[in-house]
Amino acid sequence: ANIIVVSHGQANDPFWSVVKNGVEMAAEHTGADVDYRAPETFDMVAMSQLIDAAVNQEPDGLVVSIPDADALGPSIRRAVNAGIPVISINAGSDVSKSLGALLHIGQEEYDAGKVAGEKLKAMGGKKGICVNQEVGNVSLDQRCAGFTEGFGGNVAILPTTNDPSEIESKVRAALDSNPDVDTIMALGASTAGEPTVAAVKSLGLSGDVRVASFDLSADFLKAIVDGDATFAIDQQQFLQGYMAVDFLALNADYGLMPGGNVPSGPNLITAEKAAQVIDLSAKGIR
Amino acid sequence: MSESILHMDNIEKHFGNVIALNGVSFDVKPGECHCLLGDNGAGKSTFIKTMSGVYRPSQGQIYMGGKPVQFGSPRDAMAAGIACVYQDLAMIPLMSVARNFFMGREPTKGKFLWKRFDTEHADEITMTEMKKMGINLRSADQAVGTLSGGERQTVAIARAVYFGAKVLILDEPTSALGVRQTSNVLATIDKVREQGVGVVFISHNVRHALAVGDRFTVLNRGQTLGTAARGEITSDELQDLMAGGQELAQLEGSLGGTI
Amino acid sequence: MSLENDSTVDERLKEESRVARLMKRPELGAVAGALLVAIFFMFTADGSMFTLSGIINILSPAAQLGILAIAAALLMIGGEFDLSIGSMVAFAGLVFGFCVVNFDLPLILAIPITLIFCAGVGAVNGQIVLRTGLPSFIVTLAFLFILRGLSLVGLKAATGGSTQLRGVRDAVEGDPLAPFFSGDAFQGFFQWAASMGWIDTFRSGLPKVPGIPVEIIWFIVLAGVATYVLLKTPAGNWIFAAGGDKTAASNSGVPVRKVKIALFMLTASCAALLAITQVLDAGSTDARRGFMKEFEAIIAAVIGGCLLTGGYGSAIGAFFGSIIFGMVVIGLTYTNIDQDWFQVFLGSMLLLAVIFNNAIRKRVTGER
Amino acid sequence: MSLENDSTVDERLKEESRVARLMKRPELGAVAGALLVAIFFMFTADGSMFTLSGIINILSPAAQLGILAIAAALLMIGGEFDLSIGSMVAFAGLVFGFCVVNFDLPLILAIPITLIFCAGVGAVNGQIVLRTGLPSFIVTLAFLFILRGLSLVGLKAATGGSTQLRGVRDAVEGDPLAPFFSGDAFQGFFQWAASMGWIDTFRSGLPKVPGIPVEIIWFIVLAGVATYVLLKTPAGNWIFAAGGDKTAASNSGVPVRKVKIALFMLTASCAALLAITQVLDAGSTDARRGFMKEFEAIIAAVIGGCLLTGGYGSAIGAFFGSIIFGMVVIGLTYTNIDQDWFQVFLGSMLLLAVIFNNAIRKRVTGER
Amino acid sequence: MSESILHMDNIEKHFGNVIALNGVSFDVKPGECHCLLGDNGAGKSTFIKTMSGVYRPSQGQIYMGGKPVQFGSPRDAMAAGIACVYQDLAMIPLMSVARNFFMGREPTKGKFLWKRFDTEHADEITMTEMKKMGINLRSADQAVGTLSGGERQTVAIARAVYFGAKVLILDEPTSALGVRQTSNVLATIDKVREQGVGVVFISHNVRHALAVGDRFTVLNRGQTLGTAARGEITSDELQDLMAGGQELAQLEGSLGGTI
């Protein structure tokens, strides 16, 4: 079978590289011929063009993420109209059905953020910061928005680039000038999470300021184990890539397809679980 | 003699802490060729750039036809009837000869939306005017950057002459020209002067100046040393003045006064 | 002096072939690069790349980039940069979306408002550059940040907290101007062609290509107009002159300031035009639209032979530069190359295309 | 001819104040900009910004940027660009991490290998630019993509699937060279100062600032050396000449090709140096390191007064340009300004700083 | 007479489809001043650029001291003892006079790591050498771009002369110079010639050429019209040859043969 995956995350994005690893493993296991594609930056117009390109090749299955249903809708409908089975992953659970996708695998960024926010609030958080390393990337903005909602509102967004030293300095600056901040949510473990931990540590605030992060990275997990960070939100994105391809391959060969959406997260990784996943994370599986 | 077209009154020009002109007065009458002479760095180019709107004077006033004027840009000065050949020629090396020739004053054909740059006409005129000056261009399409020094200078002169004006300013127009081209340029000056145009002519060559000049003004270190009319001054006196009044270098004699 | 007797053939000119004469034009080198890239994909890509729908699929992003690249090329020829056009796409999208969704304005008002507003920002850019004498690089860079930031703030204000403004499609439903700025042109013709079996159809019988996306039409029209202006009007001569040597141009009577301001307004307007077509097509806009497009536009213009230092280049070059860039970016997805290698190939292809175009031109024109 | 009798004071020179003379230097304009920005934050930012730890906190990212910016400034003065330095940071990080983690090499081998390898890539960049005569913008842009892509592919190969290579800190544990490239310098002094109560301490009695991050030392040393080379050596003269007018320089006997190649190697090496300090500090490297740093470096150089067209600028200017940029980027988090406005402020502050620096210089030097 | 230092044999140079030189032979002997004359666009600058390593000849061979040589760059030619003043002067406008003066051949002081550009020394020499040529510079720090045309030309000449060489090539060195500066340059040519240097001198001014020239070669449209020694040719004959053999423009007579 010939399957194409079009996502909004670049191959060098740590989160999406795990999805891609899942895609590749599924390709190996099923023997399907799979291509992973993504625009160079978070760019919905470019992404819709990539979907169009995929449709032109008339694959046996198409996997897409849908961070902007308006922009991507027409291209996805075109795929559906062309008779290509479509599965949506990661973003877009609310619109997946109406655009004609067979099912959705993943977790809404907003919901995940909300769960994390509620948890941190329950742990006693009063004032939070959301470190966003790519402001304007809607799926990251939604993570912040969900976190703000779950945390109960008192959250400032800290926009940064994805340069670790800049993130570290900015977090230090934010903590220096707002001593009552007690919670920091980072939107990516390796890009934002690790420097945040470093900043908190260098200010001698480990323990006083709770750090949580989306996604996993080995060093961040280690920080959780060491008690420098609280938890990481794992949506097991490996599954999103793996299962979508697996389902479509089975569908192409035998016409099989599960009957409903598959939630792959959220899944909070705390100190107890962290140790087990470090190695897997270092290999790009979690 | 008639009223002057252009009168520069007590012009000063400072660049930062450098005083390039320190109160220079000068005028041009219609139909005369007024030579501006002086040593290197005397301020001649700076002075004519003030005249043609490139620089705004730090002090002093410019009058045209008796009325005070202020030129915001060379375009203003051009509109007022001042054409200028700059010492650095003001050409764009990457552009073709014809495009340089008509730069800023492109001939058009057609109307309204179809009004367009008449390139054939431009090419033709360029070739013709250059030929009049004694240069056979290979093609009007050639980039100015690939012309020889003298060819380039000729383009600048032909351009200024072609567009006519009330005042024609030439800053060392003959410096890079060959014998034939030089005599063409001097003849051209003679011709436009007869048409009632006032010519300002800068040169280091006493013979060129004497050949066409009606009056001679000598600048020295940013100030005028005085103005003389044709016939009031000999070639040698002029040469001494141009050298800034300082004694000529000792070897001149041994070279037989040939300069 | 008689001229006729001199107008003999110059003995100092070697014969020059027609091809050599053509290749000397800056625009035509880029054609060679485009051909090279096309040939590369002929051999490596899936056959569907060169079907009608594949070609449209490549041209559509190329056209969107090209609308910016042609304007950027004109500005570059005029000796300046505009790094704010990418952010301007997001900003114009916001203004336009705001007009259409929040104020319910019809397109006949919303489009001119957007264009004028953006041209105004362009003029401000230009004024600052000319007044302060600062390099346009740094001034427009400041506007890159400012406009991107304003888009974010504005979007949040317009939507009440989201960075994505949606619902444009519903708002313009049935507007008579919409077909000029969105969707596909010549749909009737394509339907008919499909029913005659001349073009590919989906299993459902619909034509694979429902029409020519309007941005492609805009792209071609813009390239044509820009080329005409550059080569055939006084304004074109002024642009070359202003970029070639500002002082010399101004000394020769070219209104350099006016030319530059007009060019800044043009690039901003082109960014707004692109934003309008994108927003109408996508039905939404977000704070990330047009991200890095300023660089892609400059890249396309440079591939097409524009000099960064100004005074040299062409709109046709930018046209083919955009096509080369679009072809490489989309074309790679038609090959079996792993996405991980995408950037390596993108870089290598660009380099090859440019070196090839350069080598061809040098060989043909006999430069050393 | 006797000279003494001529060497009187020139009557055509107005008196010029010392200040005016100083401000004419391109480097010193940037100081005014830096002061303006500092004063702005004095009034708007939280007091903690100007404590010792706050200043170190700002200088540390400024220094990292500055290491690139100074090299980029030298290259720009020499008339070329290198857009690949950001990607080079990621690539060098990979090479270095690979040497240290996968091959277990000691730093005394790993660091030279990384530097030489990267300098080699820089030389390739330079060779292509000089051989083909293509603009360096487009050539190094291709390498921007290629190196970024290779970093990804290489990282995945080195780690077996992840985009992050970790374990560097364990691997270099106890290496005698490590303190020169990571961590803080003068720790003893700071400890002593803390114990004397001269600097702020944590409740635990440890100094809030344990030392000066080594990248700041490197930054200052680099700025000093680059300034010395530019102003006080023949090589510096050649750099200015090569950038001012390639043909004129080469006609006057300047080895333009060698100078340019050396500069390309220098920028690549500085990127590698930055990568080494970053990797040692963070203990890991990933495929997105150095993203967009090439532009920030160019921005810092331009803020510091370098001309994009080459032939003019200074290393000290780039030094202060980096500090301005770093101060603006980090400083805003110390203020109460809504962070959504971040980019708007970044843009406005950059513009203000540059306009101010320019205005000051013009006023002092009496330019029209 | 002695052997020639530099011999150019049948040089051709093509630019794309333009044939700038079509087989030119030329030689310079030590201690002589060989004038290269010719109309605008004759190919003089192209020829001397081939001589000084800027262009590689399309055809033909260069011999130095009898041995065939090939110059890859002007630096090579300089190393071989050829100094050149180009018509476009080869100066960097943004750099200071002193830095331009020593560009490519900076004086150093100190040793090893402390070997550095000796700026005071450079400034001093620049001021001195310029003064010798009759230009009082305000400061060696001034950017060349702010110098007047003649001041700039003087820097280029002073530079070439200062560094000495076996062959000194001057492409229209006196074109922008004032009377005093010109006589200084001609005197300088005379002086270096006496030191055994071979001088190649390009000028459009017959008087300047006759003042210092030992031999005269005239180029026309990329070819040699022949070489004459001093005394073998009169000023008028030379002038006719330089004008390319074509009849002089008709107005010349009326200007009194003063050119």
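Lettered A, B, C, D and E in written order, each chain numbered from 1.
The criterion applied here is as follows: a contact is a pair of C-beta atoms (placed from the backbone, for glycine too) under 8 Å apart; a residue touches a chain by one contact, two chains touch by 3 or more.
Please read these numbers as outputs of a predicted model, since none were measured by experiment.
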{"item": "Path length in the contact graph (chain A to chain E, fewest steps)", "value": "2"}
{"item": "Of all other chains, the one whose Cα centre sits farthest from chain B", "value": "A"}
{"item": "For chain C paired with chain D, centre-to-centre distance based on mean C-alpha positions, whole Å", "value": "33"}
{"item": "Inter-chain centre distance, chain C versus chain E - centres from mean C-alpha coordinates, in Å", "value": "48"}
{"item": "Interchain centroid distance [CA atoms averaged], chain D/chain E, Å", "value": "43"}
{"item": "Touching two or more other chains - residue numbers and ranges from chain D", "value": "12-13, 148, 152, 156, 340, 342-343"}
{"item": "For chain E, residues that touch 2 or more chains besides their own", "value": "15, 18, 88, 138, 249"}
{"item": "Multi-partner residues of chain A (each touching 2 or more other chains)", "value": "11, 135"}
{"item": "Each pair of chains that touches, named by its two labels", "value": "A-C, A-D, B-C, B-D, B-E, C-D, C-E, D-E"}
{"item": "List of chain E residues in touch with chain B within their complex", "value": "15, 18, 38-42, 44-45, 87-88, 134-135, 138, 146-151, 154, 172, 175-184, 186-187, 190, 204-208, 210-212, 239, 242-244, 246, 248-252, 254-256, 258-259"}
{"item": "Parts of chain C lying in touch with chain E, wherever the complex brings them together", "value": "1, 11-16, 20, 365-368"}
{"item": "Contact set on chain A toward chain C in their complex", "value": "11, 20, 35-38, 40-46, 48-50, 52-54, 56-58, 68-71, 73-74, 81-83, 135-138, 141, 145"}
{"item": "Sites on chain D touched by chain A in the complex", "value": "45-46, 48-49, 53-54, 57-58, 60-61, 64, 148, 151-152, 156, 159-164, 166, 202-204, 206, 208, 278, 281-284, 286-293, 329-331, 333-335, 339-340, 342-343"}
{"item": "List of chain D residues in touch with chain C within their complex", "value": "128, 132-135, 137-139, 141-150, 152-153, 156, 299, 302-303, 307-309, 340-348, 350-351, 354-355, 358-359"}
